[in-house]
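Next up: some structures, all given as structure tokens.
The following pair of complexes shares a single chain, subunit A, combined with subunit B in the former and subunit C in the latter.
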Partner chain A sequence: MTTSLPIDHELHPAGAQYVGAKINRVEDPRFLRGEGRFVDDMSLPGMLHAAFLRSPVAHANITSIDTSRAAALPGVTAVFTGQDLEAEGIQPIVSRAFLPGMGDNLREPLPTKKVRYVGEAVAVVVADSRYIAEDACELIDVEYERLPAVIDPEGALDPGAALLHEDLPANLIGRKSESHGDPERVFAEADHVFSHRFVHGRVAGVPIECRGVIAEYDRGREGFLIYSSTQIPHLTRSVAAECFGLAESDLQVIAPDVGGGFGIKAHPYIEEVVIPFAARRIGRPVKWIEDRYEHLSSAVHAKELVMDLELAVAADGTFLGMRGRYNANAGAYGCFPQTGMVDAMCAATLLPSLYKVDHVSYEILAVYTNKCMTGTYRGVGWGAGHTAREVLIDDAARALGRDPLELRLQNCIPSEPYRSVVGMNYDGGSYQESMEQARDALDYDALRERQAKLREEGRYIGVGFSPFVEPAGFGSKAAAAVGQKHQVTYDWGSVTLEGDGTVTVRMGFHSHGQGHETTFAQVAADQLGVRMEDVRIKYGDTEGVPYSTGTFASRSGVIGSGLIMRAGGDVRDKLLRLAAHLMEVSPADIELSGGKAFVRGAPDTARTIKEVAQYAYFGPGSRQLEGDMALTSTRSYDPPESYSNGTIAVVVEVDPETGKVTIERTVAIEDCGVMLNPTIVEGQVAGAVAQGIGGALYEEFVYDDDGNFLSGTLLDYLLASSMEVGPIEVHHIETPSPVTDGGIKGMGEAGTLAAPAAVLNAVADALSPFGVTFTSTPITASLIRDAVAAKREGEQ
Partner chain B sequence: MEINNEFTVQAPVSQAWAILTDVERIAPCIPGFQLEEIEGDEYRGTMKLKIGAVVMSYASRLTFVEKDESEHRVVMRGGGREQRGQGTVDATIVSVLEAAGDNETRVNVTATLDVTGRIAGFGRSIMGDVSARLIDQFVQCLETRVMAGSS
Partner chain C sequence: MRTVSLTVNGNPVEEEVEPRLLLSDFLRHELGLTGTHVGCEQGVCGACTVLVDGETVRSCLTLACQADGTAIQTVEGLAPNGGLNVLQRAFQENHGLQCGFCTPGFLMAATALLERNDDPSEEEIRDELSGNICRCTGYTGIVRSVQAAALQLREGTVTASEGTAG
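Showing the complex of A and B:
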């Protein structure tokens, strides 16, 4: 496929040698040697340590808090509660309403009146050590007046349900309905209607590094230095500045090395307000490192949705219409900035996915419940909605006696750019080809033969397909396409040629596993013709890099590369003029490559770029050039909607007696447009698939009916390890985006988004002789075993 | 959360009733319980509970809500608060005694529990196991120490 770029800058200028190459991550040596610098590695002079007292109850009025015993413990400097913050006018974190009838959600940094979930911070102790602070927490006496806990999302709006937020009329975060085409008619006329209620389990990213904050207050300048393990230093600065009533640049937020985020760290948190408050009150730096219980109970959860889906199908298998109702069990607060609507909105707007369906309607709502608030986690609601849809399609295929892959191919959209009925503008891809490639990679016919043969031996293998299209390169237009018009994204970055010929890229796209120091160095090196090792990628410090909404939603690769191409192109033009001036030729005759500038076709004329840079900075002759010759440029980029696609296929063997699922093979076909670095792409796919498999089979945050949190350790919340994930084969298709800079599409989430459906479909396919189907995640071994047993009993 | 247990003791109902409604006599047999003071009809003490590697210590109190000798039904309310930490236990315990033979009494205990804090996070199934184990220990102690002494 050819592509015409609508823009004047190129991903591969003459002499380019890095973009598209398989290059190992340049950041890995420091991590492998244990030389990364994370928040917990930081220490400031005079630093104290904080611990939070967290609520043991799901819903209660705070009748009284007595901190006197805790404050009296030797080594304790101070104890603060919500009253202390309120007394100094610290403002709540506000997630603004963005739908008609929706209310703003206010979250006090520490609650003054109520607690609303188990794990909610109630007070903070600052002491000489974390040990003392933890001991002092146990000496705080809090009297709670218990209130009924709201746990079930379907009951949260009942008139008798306890109200979480007294300033709101109901436990409703927001609600919205849309209808496109004439779904009522096609559902009335369809030969077949398939439907199910699918309940997606509550999951989260669970990074190796929990969160952490260090804050120091500068009394003279009246400003803060804040270290935080966050994906979004600038947004964190914006929110904290608003809470304190300070100018944004009165705060410097630094996210150093961050040990994984997965969207969980893409929200500002109350600790990023409370710890700075404590540091200001005490006059010394304060550090808080989140422990695993705190992380599991109070960093955002995600994807808990009750989904009622319907699929209308004609006699020949043509998909006619889809209807969906998505109720997000969003927890106690609206996370900044999207609120708990994020999963429902994402699930619903991607309902038709890559199928040609002209009649679609949906209702979305999100409700407050006495659980941890929900936010974004890799694949967001796209993944939950995708699982519910793809499982229903497999159920439909079985009922119709059709091959699940053939049925999907019959209904697949063409590869050209396509506007979905709900208004998403897919920029073209390899929707059918990726399914065919997955089929071929599996040797599908032979696999079906083997399946039949093994069944005769009493062994059950199955195959599941999960073709996907996913919004990526998330800018303001993509946000609008998924119903998040309120989420304005804004990103700029700069490229500078230093006086020694090295190149510095400054951008706000934090890297916490994405390999930005590698891919962005590839792009920048190609733009300026320098060697990759001469490029430095700077991020994470709000004082050191231009504004960026941050790294999430597969956006950094597209937007970051676009920024470097734009700003780098500006600097390249100046570099060419300087080299031409120095070498007394025309700029059009100069080529830049491998750290040298030379007259095209005459490499022996080369000057090193270092020489050119030194000439620019220190050579008096360079001042004769006209125009602004600053060897730096700062540009912004807000890309159009773009969508990656692919197919994940999984082969499993299931033991019907124990419910144990063994993953034999995972084939991932990934089309993310023009690839910057296939090694990085493959790593992202593998990690995302692993998290998808975990969510499909093992992971779930469980609360009991009283709102007690039952998943407070990693023995309760089970992550998939390499033992469970099995081998993953990644295949590439490169369909350049016709709309983004360089034809790049974002990637990194598809495995988490699409793998669960492939796993569920594979397990149901394996157990099809028993008639077992699934309507929830995770499908744990005991759930599978019970489902098989129930079917066997039913037959007797 | 409701937990139901049943046990039998080798004693006629009238004797079992007298023993089981006498907190001071049975207190030494309640695993981990240390009776510290009695004020009116409220009994106060410390209850230590071991679940796996976790040991919780509760400042506890116990009162009789109902003592119906004719029906051999006794209702107690107990409450505890972690001595270090924020967790609480509130329990309503209904015990019904009935003759299971000349010299044998069956005791049915239904505890309605409201548990918060660390042990609530262990979940319902482990609490059922733990309470069954505690009752086993209680009964064994009752039979070897209290009943033996009173017969």
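Showing the complex of A and C:
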């Protein structure tokens, strides 16, 4: 019997019942009972505890380190410095150049010669308890020879600026320019040119669980077991293997339950090398749990950009051209793998967004400074660039006497697939419709009337719109579209029908809040016709799941579902043949649904999928089937570019005397194509919006001119609470992607990307009687109050 | 070393502790109750919230020896039979959690709120929970979860002991 059915790549094969439904998350009960297993919940026999001594200075040569007093403290097992790692040939983490003129950035796991930012790890103590390890850190004597600190990104390239990396000719990470169309001409001919310099504040994902590492060395096999609170265990494995000169499979990296990522845990870190090193030297497992100061000062920051934007506009309001210069203050080291160019590249390539603009040019650069290195944070530079652009558009609308939403609608691209002038291939969406839906949800005309009425009473409300298009489902082509041609992505996944009729999906997409155990079970259950409770989603262990570039950039939903459709289709094909053989009918007549296989139209013929699976594994008759009958398949998927879109609108009330902003209402229109589970989509939107509100109003990592870090607690770096965020309404539009498997588009970042612009525009709209505009984030209460006061003084 | 004698989730505990040992570390690493999470050790995020004699307390800012003679409730005590109580179920049904790390702290803070007031307004819920930070949900699902649990408690479809820490 060699009947071969076409592989079914449909998201909704016959009998499907789960994809698209609002289904409660299957992973919730363990977290609700306090039975999640996070890194700090783990303990290995004989385990010791580590604490790092970190640099209190921004830029200095290390003259000497004396660890003798620390090592002598009772309970201390060992103290290691960069010299110890260098002596054993531990290699630096290399952030590789990918543009002409760019240099590789080498980061020693612990520095041997100099420190480059406050919070940089200098030495590690391993002791019986974390308490003793921290005591011992205070007994390490380090002599520093202070060097001038480089803090300002515009000054970092001055010939007189101190050099951070002596092996590089300057503090320049990289530089690139592009021009499309004829921007010089349209800017010369335009009736209006609007411009501003916008400085985006330095922010980060700041998950509630800090990072952590446990390492154990297997002396016999010469390999490591590493637990890490990382989003991407395979990436950690690659980097650690390279630093130790080991084969990748000599290391097993496990990311157990992870308490939030948001990009900050999408990078390998030096602690994932230093802690394994210590475990190998000592011969016992070592645990390090990052404390909040360490997290705030030394896990990647993001999005600090100086952006010079120009917008050329015709007399009738038509956008003619855009120009941008993006300078990223990328901190002391290059993050792996994207380098410090990531924010500037992402901001610049999305400059035209969903506007029909045919003439665009930009310059991007990134510089080393004596701050924490920057990396990825939900929405990356797309968000920073978006805020700068959308604030400038509102400024232009006010200057032109135009309604900000009407001006955007006038310049919006159509809903069909569209190639932007910089070469991004949007796969179609609801670009205009989402704006109109936001307007209708707000009852816009009535809102404007209320605004006018309240102003007469001395109250100031305002509304801000932020329509967005968001690169998502990030594969190799999407990476190339944002200028990262060097960074291909690679993802495999497997689907297996077990002998008891349950289904196991193995993929490298770690879930740290996204609900993969639910959404991927929905997709797999529909592919194989089993019940959702009979599906298990495995992830997080490099020994247990195939390779994956990992969870970031709204990619897991698209790629993971595609992998399950492909591999699940292969297994479904074999399952149908087995069922047909067992039931003595043709495979084409079999339907799979609800855990049963039956002849279409004749449910009384049903055999359970468990019976079919047992027939495959244990029934001699099944061996009559020809061909490869492994009930498992491993497939890869690298999707084309796809883009979610939507609009976020925010209504605020501002107290001009205190600068206090109250968010009255947030409306989010989300179009992420075919939805797997609207509940999860709505949760992702709300969470992302809250982070966007935080970045707009409260969050910023502050350094003084000498590079001292002033945001070392959550009382300094303010996260929005339930009082600040306010209610968030989510509305859906579903425009299936014509290019991805199942029409799914990635989602999850847009709120963080787009909400800040809506907030800034709403506050400026509220304060328009004072003529206040903004050119930076965050717009804190004191900044708003001072801006109003300055305008009032100017009038007197 | 000091001897502390207390109850945790109704179980008597007597241990020798270092005077400087934090209550959070005592619960997590001495008693193995790792459901109480540590997010900042700065008293800000609220992940480590437990109930001490019925009041919400930041276990990261409390010494274990200060808990001598008290009755402590942690997330592990909410549904001792391994199921979910009404509040926990409401969190699942209203998408009140994502990564799950801040969740035990929110559950304990909400438990204390509902024991005092089974009909809180949205504003009261937001105010009462503002000492806890969630970085995933935007609070929308959490507020809805507490409202749903309160409604069930008021309707009497569950008993108070099923409904809260019991």
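The definition used in the following text is that the second predicted complex is superposed on the first by the 788 of 796 C-alpha atoms of A that agree within 3 Å, B and C clash if a C-alpha of one lies under 4 Å from a C-alpha of the other, contacts with A are read in each partner's own complex, and residues count from 1 in each chain.
Note that in this section a contact is a pair of C-beta atoms (placed from the backbone, for glycine too) under 8 Å apart; a residue touches a chain by one contact, two chains touch by 3 or more.
All figures in this text were calculated on a predicted structure; none of them were measured in a lab.
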- [ ] Have a look at where A:25 lands relative to subunit B and subunit C in the superposition and call it first, second, both or neither.
- [x] second
TODO: Could you look at A:138 and tell me whether it touches subunit B, subunit C, both or neither (first, second, both, neither)?
DONE: first
Task: Contacts of A:513 with subunit B and subunit C, given as first, second, both or neither - done: second
- [ ] Considering only the touch criterion stated at the top, classify A:53 as touching first (subunit B), second (subunit C), both, or neither.
- [x] first
Open item on the list: If we overlay the two complexes on their shared chain A, which of subunit B and subunit C does A:687 touch? Say first, second, both or neither.
Closed with: second
Open item on the list: Under the stated touch criterion, which partner chain does A:710 make contact with: subunit B (first), subunit C (second), both, or neither?
Closed with: first
TODO: Look at A:61 in the shared chain and tell me whether it touches subunit B only, subunit C only, both, or neither; answer first, second, both or neither.
DONE: neither
Task: Superposed model, subunit A: greater residue contact from subunit B or subunit C - done: C
Open item on the list: Is A:586 touching anything from subunit B or subunit C once the two structures are fitted on A? First, second, both or neither.
Closed with: neither
Task: Set intersection of subunit A contacts, subunit C complex versus subunit B complex - done: none
Open item on the list: So in the complex, the part of subunit A that touches subunit C is made up of which residues?
Closed with: 24-25, 27-36, 38, 40-41, 43, 131, 205-210, 257-262, 291-292, 512-515, 679-680, 682-683, 685-691, 713-715, 719, 721-723, 725, 727-728, 751
TODO: Can you check the complex and tell me which residues of subunit C touch subunit A?
DONE: 18, 20-21, 28-29, 33-42, 44-45, 47, 74-76, 78-79, 82, 84, 88, 91-93, 95, 97-104, 107, 122, 125-127, 129-143
TODO: Within their complex, state which residues of subunit B touch subunit A.
DONE: 1, 82, 84-88, 114-118, 120-124
TODO: In the complex, go through subunit A and note every residue touching subunit B.
DONE: 53-57, 118, 135, 138-140, 142, 702, 704, 706, 708-712, 716
